[in-house]
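Chain naming follows the written order as A, B, C, D and E, and within any one chain the residues start at number 1.
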Amino acid sequence: MILQVLQVNTFYGSSHILQDVSFSVNSGEVVSLLGRNGVGKTTTLRSIMGLTPPRSGSILFKNKEIIGKPPYEAAWAGLAYMPDDLRIFPDLTCEENLDIAAKLSRHTGYWNRERVEELFPVLRARRKQKGLNLSGGEKKMLSLGRALMANPELILLDEPSEGLAPLVVGSLIQVIQEIKEKNVTILLADQNLKFCRRVCNRGYIVEKGRIVLEETMEGIWSNEEVIKRYLVL
Amino acid sequence: MLQSIVHVCLAGLSAGMFIWLVASGLTLIFGVLRVLNFAHGSFYMLGAYFCYTFLRFMGENFWLGLLVGPLCVCAAGFAMERFFLRYVYHLALPYQLLLTFAFVLLFDDLVKIFWGAGSIGSPAAPGLSGSISVLGRNFPVYSLFIIGVGPLIAVAMWVFLERTWLGCIIRAASSDREMASAIGVRVPALYTGVFMFGTWLGAIGGGLAVPYVGLLTPGMGETIIIDAFVVAVIGGMGSLKGAFLGALVIGLLSSFGTRFIPTFDMFLTFILMAVILVWRPQGLFGEST
Amino acid sequence: MVHRYLTYGLYGAMAAVLIGIGLFSGRFMLYMTMKVMILAIFAMGYNLLLGRTGLLSFGHAAFYAAGAYGLGLVSLHLSSHPLLGIFAGLAAAFVMALVIGFFCVRHTEIYFAMLTLAFGMMVFSLIWNLRSITGGDDGLVGIMRAPLDLGFFSIPLRKANHYYFFVLFFFLLSIFLIHRIRQSSFGLILAGIHENDRRIEFAGISLRNYRLAAFVISGVFAGLAGTLGTLLESNTAPFSAHWSYSAQPVLVSLIGGIHTFAGPMVGGLIFIVLREIIERFTHNWMLWFGIILLVIIMGFRGGVVGALSGFAKQKKTASTEI
Amino acid sequence: MSLPLLEIQRLNKSFGRVVAAHDIDLIFEPGVLTSIIGPNGAGKSTLINLLSGSIHPDSGSIFFEGQDITRLPIHRRVKMGLCRSFQVVNVFPELTVFDNARIPLLALRKRAHGLFRPVGGEKDVHREVLEVLERVGLPAEAGTTASALSHGDKRLLEVGIALAAGPKLLFLDEPTAGMNPVERSKILENIRSLSREGKTTFVIVEHDMDIVFSLSERVIVLHHGVVIGDGTTEEIRNSPRVREVYLGEEVPS
Amino acid sequence: MKKTKMSRRDFMKAGLLTTAAAALGPVAFKPTGLWAATPNLKGPIKVGYQAVLSGTLAGYGAFHNMGVILATEEINAAGGIAGVKLEVEFRDSTLAAPEAIKNARYFVDSWGADFLGGIDSSGQALALAPVMAELDRVLMVTHAATEKLTEEHVFKKGIKQVFRICTPTYQDSNAAAFVAKDLPVKTWSTISPKYEYGYTCWEMFKNTLTKFRSDVSFIADSWAPFGTTDFRAHINTILDAKPQGFYSTEWAGELISMVKQANQAGFFEKVKHVMFPVGAAMDVLEGCGPELPDNVWISGRYFFLYPDDRRNNDWVARFRKRWDHYPAYVSETAYSTFYAFKKAVEESGSKDTAKVIQALEGMTFESPAGKRVFRKEDHQAMYNVPWGLTVSNPKYPFKVMGKQIVIPAGECFNRPPFEGPGTKPPF
């Protein structure tokens, strides 16, 4: 088990966002957090990274407690994060955005700029462009590429399929499968059930700050009741 | 007339570059840490005093003094950031300003206690003490040196920020502190480092002032800090490019103003500052927020 | 309700002590108390802006100077009647605050601070350079306190113990007015601006107009402090418009606590007494003052008054009671 | 037939390359409780911000009761009767609940200028504040400091502040976010009855589909800044396009 | 500059005194009454002294203090003033008028000073004058030079409590004009401080010099704001005008900076006749060192090599022994202030203000700077300070005055009633 989240409670000011959230991710898996927006998926990922420190609970990464640690220590431990708003460094070029992550990482491995650019050829073309001037799709690839450059053991992806055209989602699925093959564990939060179904092994359904269901993707897909209640209208 | 214009330009350039030396550190610190450091003038003053002391101890070697002096000031910068400033980043603006203001008072009196209250006439820089004739009028070599050093530092900072890893990390952290942290930047340490670097720049300005102004006095930082503020504001808070051009504008404005408008006064510089702030609060080159 | 009476009791006691000082103490004590009261007026007015709208001005010395020079010019050239002078000073401060405020209140935070700094320094430089009117750096000197002529009788103000009650009157009047402002609808809106300036517009309130109003009111109080200070010192100098002078009410408010009504008053007292005490022991007053400031910032974030937070909080609920 | 309450014509807004509103045309009639839904990044917040005046559109016009308000500042729109509440708690934390609601009422009744008159002296405002608190169900908390309220009560207060401004049209941005079920049903009941009173027309932005479908008479679905659905709850529920947007489009293998 | 324990105890005493005075109630209305009731010359004679101890001019305060301490030590070692011990408290005046007033009030009303001394800036001196009338103590001004103080406040308004022991602007401008009239210069220029002192001196210099010579013109003036560190633009202005003569009332650090920068610009090769009215200040001479060119006219309020008599030379030696420093002019004026008080008290047998004023008016006394006479009408000390040309001297690590010209004070100082013909030199 690479990540174990136990009884995590997170607040924004006075509002209790995550309520006793517990789940786990096994090494080599792709796990998704599913749910409509506003249910606490992003907060869960931010809590793991240490960006929104939880008030109580325990987060074990590779059996080491990382709750209460600053985000950079989580990064050093082997976590990488792609936020939903991508957070490309606007002043840095495409190339610098990638290299800086590798430079700061304490891990080496399969991923380097060559390979990331192979994965996302458009990044090669935009190499010298400032992050500010990239399109939304390019930013998404760059943000994902930046996360890979650290050679993490676990990647947290927030809304990877959001805002992508169907064709692009198709290639994203391939990319994620490719990443998975390189022994990177992935925890993603998404609304797109069809996308999740194609890439994930398991899913957790989040509703109003709680985990309400753990199920294999196929299990969720075939459960119209769950879909209706938690995912669609 | 040509001679006059050229010399007015040269004087303006050297004045502007001199302010830039001080304003660069102030701007860098503001850009990354978002703290407007009143005590930056004190670092300028400390830089001058430390350089002077070392050059006296080390056989009148100005260059050695310039090398060692600012490093000592860095230590003061470290202490200020690590033990005080760090705890007020999250507080409202007045607290931050007040904290740095308290250090102004502190440093001023410490200088008086250690170096005496009187002004100290300081020696010229060896090798640069003479002057050369420009269109029939002497211009000090050292002023030319300042005119050269200013852009040199600007270029060096540009290279550092744009072409090195550390610079890349600083740019990343200054635009998105949180994400920088999430990819492994130890932000608190980086802040300390940047503050020390800014301090060092201020102190270098002070060290270079030793022969330029020719005089050390306690409280010498207070006049320069307002100039540096004006420059930083005009250029755009946190923009080094803006501060560089702002310094040029202020230097030339005051030089031409002094020469051609007999009643010239800082009134004009403050009008310029006010107009720019009203018209473009983010300054000439600041990022719009 | 109990707390409200407690508060009134405290203010009553303060007024009694101040009257006692006026009746029974020596000239220096009178002088220093007047200085404290004048600084407190300056800071209380200033804190309507800083504490209530969160705007940090570095240009309020300009309004202090406007009051000072307004009074000085009128009393040197027109009439030495103190009330006329004070009126002129207040009018000058009002107009100047309105004009400067118009340009400044559209910005906030550091931009506002820098813009007020720029305008303040423009005023400073004007005063310095309009020598024929302002006396240049020598300032206006020899502004003597004429008797307060009220038509049917006149009260002499020349002596310190007479003038003291004149200052005390304006001090208490300022406390009363500022208290009323804080209790008024306008004051509630300002409190709202301080709490949440984003939301206030969605309550149907023009943020800019209210900020401007707060700016002007605080400027007028600065002007009042300027007129009283000028009558006290019998002169005024351009440095009263310098930015470093603007730092004074900031320091005083922060020392006392910007979120409390009494903060600026207590801060003014501490500021002046502390400085005086330090100076009696050492010439390095800046060093010690700096250290004390550090202690206050690092240790008493809410200022001295705010630090008595439990008490202050009770008082707060009492004073905003419906 | 009177004018529609709010009419939006060909509204466009983009941030850099991101299009947040694309040629939106909408009409809101008085009394119709409407919900706006859509997945993340659909442009719901942008739409509210455009309508309430926080941001200005790149092109297009907004008419409120026939009057062009496209460029009007926020507080002027509020005075006309167009108001909003916020998704995150956005009250005046250190003021009492009573004062929180009093601020917009003072502005509404043009009593906000009194410099020296004690605010307590405004008796009619006082009464109205109590009425508002009554309506949102917070009369007992009038003297409590807002920051001391429970989260749910803060949300109620949030709505209360918006209501106190006397709006004809009120946008509620996720009024139930972060609430527990009891609080949720309380606020929903409130909204329903207030809507029935007819003084205020509500437009709700919401994720919680239970709420959307139990409450609304009309549902608008946004996706990538475009209106992709507009109709009764039934129509929306059965729209294949809407379902597709929510579940993800078919992905080619 | 550490204070002795003495002053702390005094502080507490003063505190008790104030409390006691407060308790006494109505009596405290007139603290002067307390003194008036006591027999004269009981208890120590207290002098409150203030000068600038912070900011860029803090060095001047230190120089004042050296003179103050030396005088106090010497007088007390010799048995005090009329057998009574002399006590001094020194405070920072910060160059701001309100601060000076606060200090004066503290000295008199809280600490119980009998006399006051010091004051650097003209603005402070002018602001203090009416306060001195109220406090009714003698203030001896030791540095501020504005002629308005003595002409208007003392002479016209009759504020008799104010005296000045240093030379006023007359020395800086009238005397300078006496020197300038004999120089082969037809075109003059100036870089001077952009405040009253600078403006006044330049006006006075022009007026007086024009009376001597009709062939001179004043072709360039450039004004440097307080705190200027970069004079290069100003120097350009002067060089462009190509004057023959240059007159500058810049002083202290600003003069040092200006001289150094002018030197670098080759200014002194182009402009041969240069006058620095306050160039003979020790901080300037030491600060400029060899960079102050030879043959520049300098003067001051006192110069330690003049008069070359035993009294002065002994004093300079004593001063150097005590402080390892040459006396600055403010050290001399501060030092002499105490001897003026001493003589006045001993002559009148009282420290009562009215009597001391009476004694001081017209009083002649010997000081390191030579014989001083306090002119009765305006309380200005009349004494001579030379103008001289700078020269290198191996005995000193700085330039000193070589050739000296003494314009007697009686010839170059304005005379009462200060208005109308015959009141301004040349007479």
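Going forward, contacts are C-beta pairs under 8 Å (C-beta built on N, C-alpha and C of every residue); 3 or more make two chains touch, one makes a residue touch a chain.
All of these numbers come straight from a predicted model, not from anything done at the bench.
*Asks:* Please find the path from chain B to chain D through touching chains that uses the fewest steps, and give that number.
*Replies:* 2
*Asks:* So if I look at the partners of chain A and the partners of chain B, which chains show up in both lists?
*Replies:* none
*Asks:* Could you work out which chain's C-alpha centre is the most distant one from the centre of chain D?
*Replies:* Here the answer is chain E, farthest from chain D.
*Asks:* How big is the gap, in whole Å, between where the Cα atoms of chain C centre and where those of chain E centre?
*Replies:* Distance between chain centres: 36 Å.
*Asks:* Any idea how many Å lie between the Cα centroids of chain D and chain E?
*Replies:* 74
*Asks:* If you average the CA atoms of chain A and of chain C, how many Å lie between those two points?
*Replies:* Each chain reduced to its C-alpha mean, chain A and chain C end up 55 Å apart.
*Asks:* Of all the residues in chain E, which ones touch at least 2 other chains?
*Replies:* Residues 1, 53-54, 194 of chain E each touch two or more of the other chains.
*Asks:* Which chain A residues sit where two or more other chains touch them?
*Replies:* Correct list: empty.
*Asks:* Report the complete set of touching chain pairs.
*Replies:* A-B, A-D, B-C, B-E, C-D, C-E
*Asks:* Name, in rising order, each residue of chain B that touches chain A in their complex.
*Replies:* Contact set of chain B toward chain A: 165, 168-169, 171-172, 174-176, 178-187.
*Asks:* Spell out the part of chain E that touches chain B in their complex, as residue ranges.
*Replies:* 1, 53-59, 61-63, 194, 221-223, 225, 227, 229-230, 232-237, 239-240, 252-253, 256-257, 260-261, 264-266, 269, 283, 286-289, 291
*Asks:* Given the complex with chain D, which residues does chain A contribute to the contact?
*Replies:* Checking each residue of chain A against chain D gives 12-17, 36-39, 84, 135-136, 159, 161-163, 166-167, 169-170, 173, 191-196, 198, 209, 227, 231-233.
*Asks:* Considering the complex alone, what residue numbers of chain B touch chain E?
*Replies:* Chain B residues touching chain E: 4, 7-8, 11-12, 14-15, 18, 108-109, 112, 116-121, 124, 129, 131, 137-140, 142-143, 209, 212-215, 217-220, 222-224, 254-255, 258-259, 262, 265-266.
*Asks:* Quick check on the complex: what are the chain C residues that touch chain D?
*Replies:* So the residues of chain C touching chain D come out as 177, 180-181, 183-189, 191-192, 195-196, 198-207, 217, 317, 320-322.
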